[in-house]
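Got a structure for you, written out below as structure tokens; questions coming shortly.
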Amino acid sequence: MCDHTNKNIYLPYLATVEEVIDETPDVRTLRLVFQDEQVRENFTFRAGQFGEYSAFGAGESTFCIASSPTRTGHIECCFRSVGRVTEELRRLEVGDTMGVRGPYGNSFPIEEFFGKNLVFVAGGIALPPLRTLIWNCLDWRDKFGDITIVYGARTESDLVYKRELKEWQERADVRLVKTVDPGGNGPEWDGKVGFVPTILEEAAPSADNTIALVCGPPIMIKFTLPVLEKLGFTDEQVYTTLENRMKCGLGKCGRCNVGNVYVCKDGPVFTAKQVKAMPMEF
Amino acid sequence: MTKSIDTSIYAAVSEAIRAEAQRILSDGTVTAIVGYAAARRKGSAQPIVISSADDAAKLIFTPACVNNLAVYLTKAKKEIPKKGKVGIVVKGCDLKALSGLMGESQLKREDLYLIGVPCAGVLASTVQPATELTSDSIAPKCTECDAQLPGGCDFVPPQAPLTPGQTRKYAAEIARLEALTPAERWAYWKEQFSKCIKCYACRQVCPFCFCEQCLCDRNKPQMVDTTPRPAGNTAWHIVRAMHLAGRCAGCAECERVCPMDIPLNLLNRKMAKELKELYDYEAGFEVNDKGPLNSYTEKDDQSFIK
Amino acid sequence: MQKFISEQNLHTLLDKLIAEGTRVVAPRMNAGTPLYEPLKSASEMVADQLPRRSGKEAFFPLCEDIMTYEKEGQKVTLKDIDPARFPETVLVGVRPCDAAAIPVLDAVFSWDYKDEFFLERRKKTTIVGLACTSADDACFCTAVGLSPSETRGSDLFLTPLEDGGYACESYSEKGEALIKGHLELFAEPGNSRAVSLAQPQTEKFDLKKVKAWLDEHFEDSSWDSIATRCVGCGACAFVCPVCHCFDIVDEGTEKSGKRRKNWDACGFWKFTHHASGHNPRDQQPKRYRNRIMHKFKYYEDKFGQTLCTGCGRCIRLCPVGIDIAQIVEEISKK
């Protein structure tokens, strides 16, 4: 965890945009390097944690830290430009300064996954929260069994991390099943065509000694959970991350709660069992 | 001198409202009625939506029936069922808002069953709900009321309200402010706006604040600072006054609900006065599809073009 | 430590504190509205009116700067807020329902991450409570386990006496220090009896039962009937002594500006609205449910406290007469 030596818990660290990568026409990755040397050296986080990212003058926005904790020296965030802050963040160029607070929230209990097979299931813009864990696991490849990634988006152009998908596709120690919704495929498409839950069912990963990590729009989650159940996964074997509107990320401002669960403190990572016990408020 | 105001007709008015509500719910004329019911605190009343004839007995009319229920018929209140014809209990001042909403194509007359209330006045927000209605405890808007008997309703109880002549509180206050220098007036409003806490109660109770998304809730661009500080507060209240000019008919709900006692209706009444003087226009008496600020005629004042 | 202080000496004390540079905050009239605000002179204090907003703002202001930013080319400089800017403060004439709210707020602002904006002010503020002598039928402090003579939260507590002046008792080192620093203004306690205190009429709620019902009834048809008429403003939250939700916004120009923390309210549709358009609390009854749940269940689950002191402000000021005392009482009888 990052030690807030500064007393003002709302004060962000400054970070320089080192690289700008357009994932899709409206989804962008920013690679960030902390400006303060001490922060650069001491900032650590775990896969699954999130940050509050500032575009000064516009405000803060919440996203996961999308890079892997194993890749040090920088962090990455990935966002779709939809609101005031994300539009401002999108205007940043290499060398510009932004703010980062974090890391906040809980994380994937990666140590508990050692020795197990992993199935990642993601849809659209929801790959980043899993991508941090995917790279974490790939960097510690010998600690895990089979790794399967089922990832889909509406169209080919909506797939994020296209270069990495290619890399995963080419690796012998990863099984990547990529798909686009019917009609979303171009003439060159070499993946599947169909919705994520259907493609997951087809891919039929074994539930035996396996952890499933699911992240996607609510509708995808809704249809994916029954498929996992059908494949033999128990609710304790399935993890997801929730997002709710946040401001502080610190358990104070009072808006991210789902019932009495504070997504910023008790989450964002939950098991399907925990999610099913929550009231419908996310 | 405090003059008492005769509210003895309210018992009979309540009785008549209940009977009518019972009838129109039983025979299927309406699917629901928005009215007033007694609440826990002594003498208090609150808005209620009933859809069963059995609940008609809950309806009342008393000096504590302060709300303009028209707000519940706007699209800002999605929770109220708007299937079929809806009945609504309206005072004359509330009815003006309904006329405005009809003019702005927010409501259709044929979808409404109007139960008009002969009204001698309601209580000011500054007094406890059980207070007796007098020339001191009466809501300021009631001192200038010109609609004690609502016209054009489907049903109005036969009782006629009697109110003594009263000092027109807004007219007096507008005259006082108009006599000030611009600097003094600015100081007055600055002090008032400085109290604003941006709770938006004024907006939320206003029948005319039915925008799907208020300008002040939008942030691309951020037209009005959200922070409760002088710049944003002043901008907010001026934006609102301008947006209501020619539409607001003075139900004074904004002023009644302001937790910080900002005399918001004073702004609206001043705008109304300007419109009366400039365009001989008064909002609320008839259904007009265009107010003077969104229509142009060659007779309009053009002296400002230099 | 028990003492007596006359009305006149209380004023002398406050004027002395003001002269010494201490910020003295007490109920005073602001353009016709009673509010807890810094006094220029003790004579401004109006002890007989419940301020429209609660005392929480002495610790958690309606709006406060949490940093400033300056941009120059690609460089940004941030300026932190110096906690030394929070002055030594004496908060006087605080109603028991407002004073008791402060320790309740300690829980959220000090758990895990420490909000120094709240806690630094807390450290530097002495709370002088005042027994409550008038209640109306919106008051329900007794229903949530407090009372007009509740001393929780007060460092020093004043009880008005029949023969004038106040019985004065300290409940903390800060309170004792205030007496000891100005001993000449205090006398030994006399025999005068306290004036008769306020008597709120609401019976004590069975808060355990309320919570037990809330535990099981997130989904319940009564939420619709309770809150259909809620118009979705923030009046209840803003006047509440313990509501503490806030927003963080940047305001300024391209070049420079401030980041601010402002009060927010769970009744606003915007509160939980995602930029994507999704809103987990998409209807007013769901938002109002959160208000009740937060006060009588979630805060209890998390911090073992009730997030309500029964001041009755939300009842008096709700534009549409929503009566939390009645709602909670009805829940307790389910």
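Order of writing sets the labels: A, B and C. Residues in every chain begin at 1.
Here is the rule we use: a residue touches a chain if its C-beta (ideal position, glycine included) is under 8 Å from a C-beta of that chain, and two chains touch if they have at least 3 such contacts.
Everything quoted here is computed from the prediction, not taken from an experiment.
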item	value
Pair sharing more residue contacts (C-beta pairs) when A-B is set against B-C	B-C
Far-end chain from chain B, centres as C-alpha averages	A
Whole-Å gap between the CA centroids of chain A and chain C	39
Chain A-chain B separation of Cα centroids, rounded to whole Å	49
Whole-Å gap separating chain B and chain C, where each centre is the average of the chain's CA atoms	31
Per-residue multi-chain contacts in chain A, two or more chains	83
Two or more partner chains touched - positions in chain B	none
Chain C: positions in contact with at least two other chains	247, 249
Residue ranges of chain A touching chain C (in the complex, touch as defined)	4, 6-12, 14, 16, 54, 56-61, 82-83, 86, 95-99, 218, 243-245, 247-248, 250-255, 257-260, 265, 279, 281-282
In the complex, chain C residues that touch chain B	30-33, 35, 52-53, 62-63, 136-138, 224, 228-229, 231-235, 237-239, 247, 249, 251, 260, 262-263, 265, 268, 270, 283-285, 315, 317, 319-323, 325-326
Chain A partner contacts - residues on chain B that touch it in the complex	219-220, 222
Parts of chain B lying in touch with chain C, wherever the complex brings them together	39-42, 44-49, 67, 71-72, 76-80, 128, 191-192, 194-195, 197-201, 203-205, 217, 225-229, 232, 253, 256-257, 259-261
Residues of chain C touching chain A in the complex	66-67, 69, 71, 74-76, 78, 80-81, 83, 108-109, 111-117, 218-219, 244-250, 252-254, 257, 259, 261, 264, 266, 271-276, 278, 280-281, 286, 290, 293-294, 297-298, 301-302
